[in-house]
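In this document, chain identifiers A, B, C, D, E and F correspond to the written order of the chains, with residue numbering beginning at 1 in each.
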Amino acid sequence: MKVRVSRKEHFNAAHRLYNPAWPDQKNREVFGKCANPNYHGHNYELVVSVTGTPDDGTGYVMDTKILSDLVRREIIDLFDHKNLNLDLPHFKHLNPTAENIARVIWDILRPHIKAELDLKITLYETERNFVEYPAD
Amino acid sequence: MKVRVSRKEHFNAAHRLYNPAWPDQKNREVFGKCANPNYHGHNYELVVSVTGTPDDGTGYVMDTKILSDLVRREIIDLFDHKNLNLDLPHFKHLNPTAENIARVIWDILRPHIKAELDLKITLYETERNFVEYPAD
Amino acid sequence: MKVRVSRKEHFNAAHRLYNPAWPDQKNREVFGKCANPNYHGHNYELVVSVTGTPDDGTGYVMDTKILSDLVRREIIDLFDHKNLNLDLPHFKHLNPTAENIARVIWDILRPHIKAELDLKITLYETERNFVEYPAD
Amino acid sequence: MKVRVSRKEHFNAAHRLYNPAWPDQKNREVFGKCANPNYHGHNYELVVSVTGTPDDGTGYVMDTKILSDLVRREIIDLFDHKNLNLDLPHFKHLNPTAENIARVIWDILRPHIKAELDLKITLYETERNFVEYPAD
Amino acid sequence: MKVRVSRKEHFNAAHRLYNPAWPDQKNREVFGKCANPNYHGHNYELVVSVTGTPDDGTGYVMDTKILSDLVRREIIDLFDHKNLNLDLPHFKHLNPTAENIARVIWDILRPHIKAELDLKITLYETERNFVEYPAD
Amino acid sequence: MKVRVSRKEHFNAAHRLYNPAWPDQKNREVFGKCANPNYHGHNYELVVSVTGTPDDGTGYVMDTKILSDLVRREIIDLFDHKNLNLDLPHFKHLNPTAENIARVIWDILRPHIKAELDLKITLYETERNFVEYPAD
């Protein structure tokens, strides 16, 4: 049986929900106050989980210190204190919903995690709204 | 790969654990202080999760604003500041354990969620006691 | 300079807000859904704080094990899994608002705490509603 | 002895730390990544506390439902899903640090709270950074 | 469909990460400050989850009071206020990483849980580091 | 009116409660399982609060980035992943109760904080046991 190991990090960012292929009126209708053209923001809590068999020598699936350093270098330095729509090329043509942010983070981290380990992203946009990718 | 989106709401309710098919003495033996005939109560934290593929236009599996409105209209208005045993017909012949409350909530919400989305209920009776339905 | 030591406990109880000196109609107007005649309930989180000078021998203002045992014996055994309006004589003529519950708890505990220690009660009715007595 | 009653609300907003009287270079030196010209954001948790003597009839210092409605009408509707620098006139010439946001909120709410009640604002910018105004 | 029921308990313990088959220098390189020969410690939060079909009579998958009593007797009494490396025979030849602690706890509890119920352990070493066994 | 600004940090440490001036038997009687000679440990959450008047130029009482850097350099580097009894000279003759740890931290930090700012330490030994120094 495998073990899942999780590390929680956080970043603070501004964003707005906006589909550039739609007229402003439709964006306002669909996204409501989340479409505010001057942006709003969140404290995102990010949980990165890896699943595998603990190593006999270390007792680790993956050293959470190494996992934390990886997430900080690849994700936190890129996302923290940024405007997701303006500062990150990933969201130039992609609406930064929690669903899409989680998928972007998974895509960035996947090549840095050993192939035999499964990777899962949980992203809290607020304490009451959160997403998991992939779903179990 | 699919995304799971979750929305957390809460309600405050009174209940007692009691099987009307049993004599009082057996109820007291099985349910202990939870069988107090004058009831006790909880702040229930309810997480409603839907799993599916994000829409290309919105980037949403389901708009959490719409999900929150649905849960408030169908569940919170029904359960909040109520006595589950006395005020809700669902528990007239069903013991309001966390397990059964979660199943009742799932049954109420399922017809309101698109068929292609999976639905899962997580219910915290206290910070230290919680249930998930269906189990992963 | 003194040190304040705090211990957090919890209890689950049913109650309704109701002033027996008022007609039902006025109770409904003032207390809204909190006046539901069949009661509702909460997970109360109770923080008991004592302030004084640490003892030179123990390094304690008060042993939190002793404080916890005291709170469990005098308060939790009395309040937990109870209906505050029906099961506790303290609220026979006193509306069990968070303010009044905190004052009742303070009155019960005060004689059990050494006179040279200050006592303060913080009571969370929900995560978002709480009271402190006495106010700093 | 008085009782303090607190109600917690939240809002999500974008901001940047920036003193318009200073050159950009000094803003970058003093505020670091918080000065990002494209903004970042937070989930602000706001605790509004009022202190006074409970009313004999209601048992309330202040009905937290009324307090919550007031805070939502006067503060949340103004701050939520906004850019504090661009959308709120209060911060046109005032740097939106947590300290200054708390003072602005206090100034807005003070006239709406009965004169005999003390008012205190606690504002969490993140789970790890928070301010209280006035300090006890 | 089955229901998962979870009960959260906690214990406080000292430990160090150390593989006795390795020289001290390699232990320091791999485990860093976690290898401090004088130990460090944690408040471990332990969630024990059982999955099955609620009983028709009780409405319980398993009474959380019985589950809590079991976990306290078999796990908390063994682990709480202990040095995992020195006081528990289980870790005499096994490095007490969160992964290994979760597996030891699962092995201890499994024979005490009915065969038709699935068992899962979630262990928080800190609020930001946690493991699940078995992974879903 | 002044503003209080707080920054939360954490450290993980082992300790035992033990008064070296007392025989072992008395230590066991007074401190119970906290006197375990092989130590136990905690995830300590440390809140450092400074109170003063915000600067007109920055809007800060104190930059929480500077406060955080100070606390990490002076406290976290000293306490984290350590055995308080064995690794810190401060507790060679002082019992490391939460009360005494808070006072030691205050004494270390006070000279590094501007004289016109008040300093307060809040230390959580567990989620349910915490101390404040000085008491308000």
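Everything below uses one rule, namely that a contact is a pair of C-beta atoms (placed from the backbone, for glycine too) under 8 Å apart; a residue touches a chain by one contact, two chains touch by 3 or more.
As the structure is a computational prediction, the values presented were derived from the model and not from experiment.
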item: Neighbouring chains common to chain D and chain F, by label; value: C
item: Any chain in contact with chain B as well as chain D; value: A, C
item: Equivalent interface positions on chain B and chain C, same or different at half; value: same
item: Remotest chain, chain D as reference, centres from CA atoms; value: E
item: Repeat of interface D-F, chosen from B-C, C-F or A-D - more than half of residue-number contact pairs shared; value: C-F
item: Relative to chain B, chain with the most remote C-alpha centre; value: F
item: Centre distance in Å when chain C and chain D are each reduced to the mean of their C-alpha atoms; value: 28
item: Distance from the mean Cα position of chain F to that of chain B, given in whole angstrom; value: 41
item: Chain E, residues touching no fewer than two other chains; value: 127, 136
item: Pairwise chain contacts under the document criterion; value: A-B, A-D, A-E, B-C, B-E, C-D, C-F, D-F, E-F
item: Touch list for chain C against partner chain B, complex; value: 10, 12-15, 33-34, 36, 38-43, 80-83, 86-87, 126-127
item: Residue numbers on chain B that touch chain E, as the complex places them; value: 17, 19, 21-22, 30-32, 94-100, 102-103, 127-136
item: Contacting residues of chain C [partner chain F, same complex]; value: 1-9, 51, 54, 57-61, 63-65, 118, 136
